[in-house]
Amino acid sequence: MSMPSADELFKSIDYTPPATGWMETPVNFAPGNWCYPAKKEKVEYMQGYLPNAFGNPREWSPEDADWKLPPNWKEIVMNGFRERLDKFRSLKLFMDICVRCGACADKCHFFIGSGDPKNMPVLRAELMRSIYRGEFTLAGKILSKLTGSRVMEEDVLKEWFIYFYQCTECRRCSLFCPYGIDTAEVTMMARELLNLVGVNTNWIMEPASNCNRTGNHLGIQPHAFKDIVDFMVDDIEEITGVRVKAPLNEKGHEILFITPSGDVFADPGIYSFMGYLMLFHFLDLDYTMSTYASEGGNFGLFTNNETMKKLNAKMYSEANRLGCKWILGGECGHMWRVINQYMDTMNGDLQGPQMETPRNPITGTVFHNSAVTKMVHITEFTADLIKHGKLNLDPSRNDRYKVTFHDSCNTSRGMGLLEEPRYVIKNVCNSYFDMPEGTIREETFCCAGGSGLNTEEIMEIRLRGGLPRGNALRYVQEKNGVNMMACICAIDRATLPPLADYWAPGVEVCGVHELVGNALILPGEQERTMNLRQESLPGFEDEDDDWTPPNM
Amino acid sequence: MKNNRRNFIKFAGLAAASLCVAPKAMASGHAAPVRKHPEGKNGKRWAMVVDTRTLNTEEAIAPLAEACHSVHNVPHIESKQDIKWIWAAPYEQSFPEQQNPYLDDAVKERRYPLLCNHCDNPPCVRVCPTKATFKRPDGIVAMDYHRCIGCRYCMAGCPYGSRSFNFSEPRKHLDLTKLNPEFPTRMRGVVEKCNFCVERLSVGKLPACVEASGGALTFGDLADPESDVRKVLRENYTIRRKPTAGTEPSVYYII
Amino acid sequence: MNALYSLVFVFILVLIPLFAVGAGHMEFGFGVCIPYTAFALFLIGFVWKIIGWAKSPVPFRIPTTGGQQLSYDPELFKQNKLDNPSNGFQTVVRMILEIFAFRSLFRNTSASLHETKGGPVVAYASAKWLWLFAILFHYSFFIIALRHLRLFLEPIPFFVKGLDFMDGILQIGAPVMYQSDVLIVAGLLFLLLRRLVDAKIRYISLVTDYFPLFLILGVALSGIWMRYYAKVDVVAIKELTMGLVTFNPHVPAGIDVSFFVHVFLVSTLMVYFPLSKLMHMPGVFLSPTRNMPNDNRFHHHVNPWNPDIKPLSYEAYEKDFGPAMAEAGLPLDNPENAKAPEEA
Amino acid sequence: MLERALKGSSRYWAWIGFLLVIIAAGGAVLVNQWVVGLEITDMSRDVSWGFYISQLTYLVGLAASGVMIVLPYYFHHYKPNKHMVIFGEFMAIAACVMCLLFVIVDIGQPQRMLNMIFHPTPNSILFWDMIVINGYLFLNILCGWVCLEHDRMHLSHPKWIKPFIIISIVWAFSIHTVTAFLYQGLPGRHYWLTAILAARFLASAFCAGPAILLLVLKVTEKVTTFQMPKKAVATLTKIIAYAMVVNMFFFMLEIFTAFYSNLPGHIHSIAYLFAGEHGHHELVPYMWTFIICAILCLIMLIPPKLRDNQKLLPWALGLLIIATWLDKGLGLLIGGFNPTPFETITPYWPTGKELMISAMIYAIGALIVTVLFKIATDVKQELGHSQALPCGCSTEDTDCECAGEEAPAADEAAEEAPAVEEAEATA
Amino acid sequence: MHYGGKIILGIVIFVGLLLSPFAYNAMTVKANYKQPELKLPANEKKCIESLEFMRTKHMQLLNEWRDWALRDGKRVYVNHEGKEFTISLQNTCMKCHNNKAEFCDKCHNDAGVSPYCWDCHIQPEGLK
């Protein structure tokens, strides 16, 4: 499968809908349109823990005509649908009140980049709503097609699989909907139903099952985790001359630090991780990390409520075991959506008595806004330190970067964390430029790889969905010379580099705390000649570099 | 899909068109069932001649104004926002362009009744943005108070100061017990002026001021060479106000 | 096609009373029975539907956050209280703006692609026409509904009189033209044309999207026809309507058939309302992404069906990885686990 | 884009609030006028138009501010005006709205205003004035909005807008001409009955309009990051200076014609205004103030040294605005009605309530200008067009030498400062 | 029911508002509402046009009368029976219907109509 060039892809987008109605238009099941199905053993593993949430572990392929569904699959899906209508007012309401005004239609990055009408949020939800009307409403049963209703069939289920795994649950449509209908909510319900009959993707199931067993999505086992952290401590020493501490699984510390495991796995995430370690060392923070709760992210959010709850519960139970008073959370998007919207509701009762409202031990600031979750976002923490002048920063060390900031959908539309990271960036960098209005903050565009879609096999879909973000990025690249896009999301750090390479080649991606780590002057550090990526700092370029420093 | 849409639009268009046509088709039965009053005075060019030799004092003109204002329910307001249809004015206000220092004292000290000139070429009609002021076929410059928006452009346009605006509620300034019940008042916010008693002419009566003048005012049709006005004009030297304005007034003054 | 079906339906709905009353003289049925029934069905259906929604719990607090959250340091990071409310009051203000000003729709943009000299551009044009005409339509509808109280109340309260006067202030024609009549038709036509002209919207439009538009258009046009063309006998109609609201139903003579068409269309609308997307009217009040504050980090929210699911225990984890952990120097709770697992 | 007007500093909201208070207060007086009638004004049988219509006359001139920027840019490809165009157009929008509002508050039966459309009367100049002002309003909204929106979207202006821009430039001349015709064609009003009136209107509009715009933009520079290009300011000032010279020249032509011909009708109004007649001297001090202000501002505007002095410029513009306002917004109207058709004098002076209602309309105009300029400056800031540099120059000043070459790099980088404007082909 | 209190309150308010006309009339209207009875002229049995026509179209006729009389100068109306009437609200209509309060106002009040005729025209019972 060869990827078209950016120009070709752009030219291929056509917003004219097909001549056939959407119910009659067949779905393309060619490879590239779907993520690989979950491996049998992964489903079996999860089924062992959550028997009611997963069904029918098997080997199958979306390409085949026969998906090997259980014989009573229709009954399972319909019962599950009914059960969820009774459990979620949101679902019931969103099924009933959409007027199909179309305000959401061109707000979805997948629609903007593909022109596929089923990627209009309204139509994506209609895929489910048509079944709702046909199976659960009187008018729909009687008048059938006239009310846009249909009954559940295998083709419908297959269509669900394609399009509900072509939604990143970014909620941009919800922002524009006059009734606040949240397609993310609909997608979550659809995915729960699909999971009931064993229709799921491996890119989500494997991390979820890994996380249950090893404590993190990537399946890094505790000793390996320690090794990786030690490597990074070595790297930091090489760069700064300072050996930072990196406590793991230690009891009796005030703070438990949890970040997505993506940050210990690959660059550019690891540089952010190094940034965290340096910051904590600088502060001599009384903290620990955990290998058991070594994952901030939560692929359960992309699976079902049960898995989400199960994976999330580790955070509090580990804080209790280690005796931590509160939890500091690293840079992650959906991790924070879960923390902000679900964590306390789901698992608040797991908090031990030692936990208390977070208080910054350095500045004394009490984080009242996290009084029940007991979790503080690292940018909140760092911003507080900067405001109180507790950090010794040299922003010029980031001078090789002209930085912009990508708001991840989850922290912006599922939380509202907009200014804290910007404040941090502006204090550790000299050149900061926002991307155009309408593509940032609450109107930010998704990286098109969220909600478990950041897998290689659907790269074209991801790049199409990445068009709005990529185009905005390209604009600041050309206008302001931006060459670094900061973000506070581990999935962003994984998905944005290929997106940037494609739509705005030359722009790199980093976490905010990588920039903090660069600027932070550690006590007793050697003269810094390179940044965390081990690239030369201005003034310390190699001889073969033809750039001459002005003052020499 | 496309074809259906075209059909749909056609259908909707037909439906809409039939809705629009229907009332007109129903209404177009017969011409307006109206005609002129059989006793009404018919003229082609109504005009008035004022004999200032006999009618030339405040006291003489006052009853004329009284007759006019009471029959038309014209209020009297003690301010520069007064409403006047007919009133007395000295020579220099009436004929400012036709003065000389050695004018006969008698002429100079006379008072002249002023009213709308019902010009042949009325600037007020020209400037009115809604056709609320219009010229009838019989030469009378009439007003439709229902249509007047009160822009007062006609007042700026009139070179004779013949028009008044209802700055306030006219009924506030009227003796409500002495209204003429046969004629309406005006509402606040519209312009008004002398109407040459068009409502009286239509039933065969002469204008109220003419009736009250005891012959000092002559009223008639300029188009009829045998009419009283033509006779008077033939026999006397008359002038009109501001001839340079090119308005061709229909009110003549015998000096 | 969907539009055509809907139009035909509405035409049939017009024809029914036209024949039933015009030829069949079923004045009582169409003037009394049907309106009563429809009103009752409307009330019951409306309440039943809401109760149906209300029965489902709200397990999680999931507001869409459209702005800066309440920060630990509100001075440094100013909260966007309207778009990211953190308490009940702010949420109520957000809801009021949403319901009365269609605030989310006000944000609307329209995306388009352009190939320029400088490369591809994805442009987001400001697109407020939908907002504008939606506002015009809904407010006109609201004013018209209130104005109709003159037929249902005696004596007529001052606010209805005042509304009537203001709505006809431009003094056009006799009886004076209501501005809301013109605006509602303009609003409806825009909403309709938009569905027909914009290919995307046409693609998603169902019969159930066109039908209410045509039906309300039919209601408006029949009302306009009654007032300005048929010039029906309002006082006789008031006797009928007052009969309805005083439970003394009777049909006076001399009421034009157009009135029955109007009433029948309104009755249809009332019956249709609870069964349809028109329930967005009460629905917007219940929307869980808008009617809750974003306060989950500092206020406990209860999920009534919160399942009893526990994490994989640390004990099991340590048992699983104990030897490797011990080797790596990670502390163990249970030193036993450091031993390599015996073949069980 | 409108939503940009809903976000602003507390200073912005304080200003909006202040305007709303004035609007509310004036609105209350307007309700009073609607209830009791225009008796609350000092207008009379003889002076049938007053402050309201005179403000309409003056503000039509403000609408010209647009064309004096748009014309050089589109007809002469004068590049420095590029980023000023939108402000001219937006100012014209506010001016047209104020003009229309002044008509609405002036008429006695506003609820019937649509009669102007239901009974169109092409022989009435007021009908045409309605058409040209509404048309100019529409053209400016269309051109301004479409161009700004396309700028914001980083797209070149669409081709179809070009004809509308050309039409709007030509149209601009019509609004002054037609408004002058409103007065010019009335028999017996000697002060207005002059063929040069339309030309005088154009001349005074082309100096007063841009002068007000320039002052407002100077304020805009103070409260935003927007900075006018120096060349554009210099050119606009030159236009203002020449137009004022022409304006005063035309005025002297009137004086000459009246007094040399010695026609009483033509002399009377001027004599009343500048010397007083029949014991009425109400306007004499104002008219001489006009003359003095006009002379002073010309002294400050004609010599290039003084004209280019940016410290002095606001004062010169202020004097010019006072002079033209006294001439066109006060003297022209009252002098036209006096002497009356009876050769008498009926003094007129606006009442407090008239001024309150007028203040309301000016506040509405200011509100529109504030909101539109807020949107425009916001977009300019986002795009980095015409932004203030630390040295005080604008990013459009291609010959800025104040800070040397490194100026646009380091210093302003921390701010959301723009990069050097790329050599964009004109749309 | 989650948030049941608020929802019930909302339903009660909504239904209450919809039903309020029933309550309002129960309080104000004594018995059953009937169309107002108009005081008809004692000495004249026939209006210029039929009862049905006058009931529903008098406003249109008056508007036409206004233009015919004022703008066209034709002040005699010929009705469908060929009978002639002088066009005048005050001098023809109100001569028979000599009490505005007992005739015009009755229906207009009930229908909530406030025509602006009387801003200028003088009602037969005179002004106060």
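Chains: A, B, C, D and E, in written order; residue numbering restarts at 1 for each.
Operating definition for what follows: contacts are C-beta pairs under 8 Å (C-beta built on N, C-alpha and C of every residue); 3 or more make two chains touch, one makes a residue touch a chain.
In this text the structure is predicted, and so the values were computed from the model without any measurement.
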{"item": "Required minimum of steps from chain A to chain D, each step between chains that touch", "value": "1"}
{"item": "Farthest chain relative to chain B (centres taken as mean CA coordinates)", "value": "A"}
{"item": "Result of counting contacting C-beta pairs for A-C and B-D, higher pair", "value": "A-C"}
{"item": "Chain ID, smallest distance between chain and overall C-alpha centroids", "value": "C"}
{"item": "Inter-centroid spacing, chain B versus chain A (mean Cα positions, whole Å)", "value": "82"}
{"item": "Distance between chain centroids, defined by C-alpha means - chain A, chain C (Å)", "value": "32"}
{"item": "Cα-centroid distance, chain C relative to chain D, in whole angstrom", "value": "44"}
{"item": "Gap in Å, rounded to a whole number, between the CA centres of chain E and chain C", "value": "37"}
{"item": "Chain E: positions in contact with at least two other chains", "value": "2, 116"}
{"item": "Chain B: positions in contact with at least two other chains", "value": "1, 187-188"}
{"item": "Residue numbers of chain D (touch at least two other chains)", "value": "112, 154"}
{"item": "Parts of chain C lying in touch with chain E, wherever the complex brings them together", "value": "43, 46-47, 50-51, 54-58, 149-150, 152-156, 160-161, 164-165, 171, 173-175, 231-236, 238-239, 242-243, 245-248, 252, 254, 282, 285-286, 304"}
{"item": "Chain D residues within the chain B interface of the complex", "value": "36-39, 41, 43-46, 48-49, 103, 106-110, 112-113, 115-116, 119, 121, 123-127, 130, 182-183, 185-189, 336-337, 340-344, 346"}
{"item": "Contact set on chain E toward chain C in their complex", "value": "1-4, 7, 10-11, 14-15, 18, 21-22, 24-26, 28-29, 32-36, 52, 55-57, 59-60, 62-63, 107, 109-116"}
{"item": "Sites on chain D touched by chain C in the complex", "value": "1-3, 111-112, 114, 118, 149, 153-156, 425"}
{"item": "Chain C residues touching chain A - in the complex, by the definition given at the top", "value": "5, 49, 52-62, 64-73, 76-78, 80, 83-84, 86, 98, 102, 104-105, 107-111, 113, 115, 118-122, 124, 130, 134, 198-209, 275-277, 279-280, 283-284, 286-290, 294, 296-303, 305-307, 309-314, 317-318, 320-321, 324-325, 327-331, 333"}
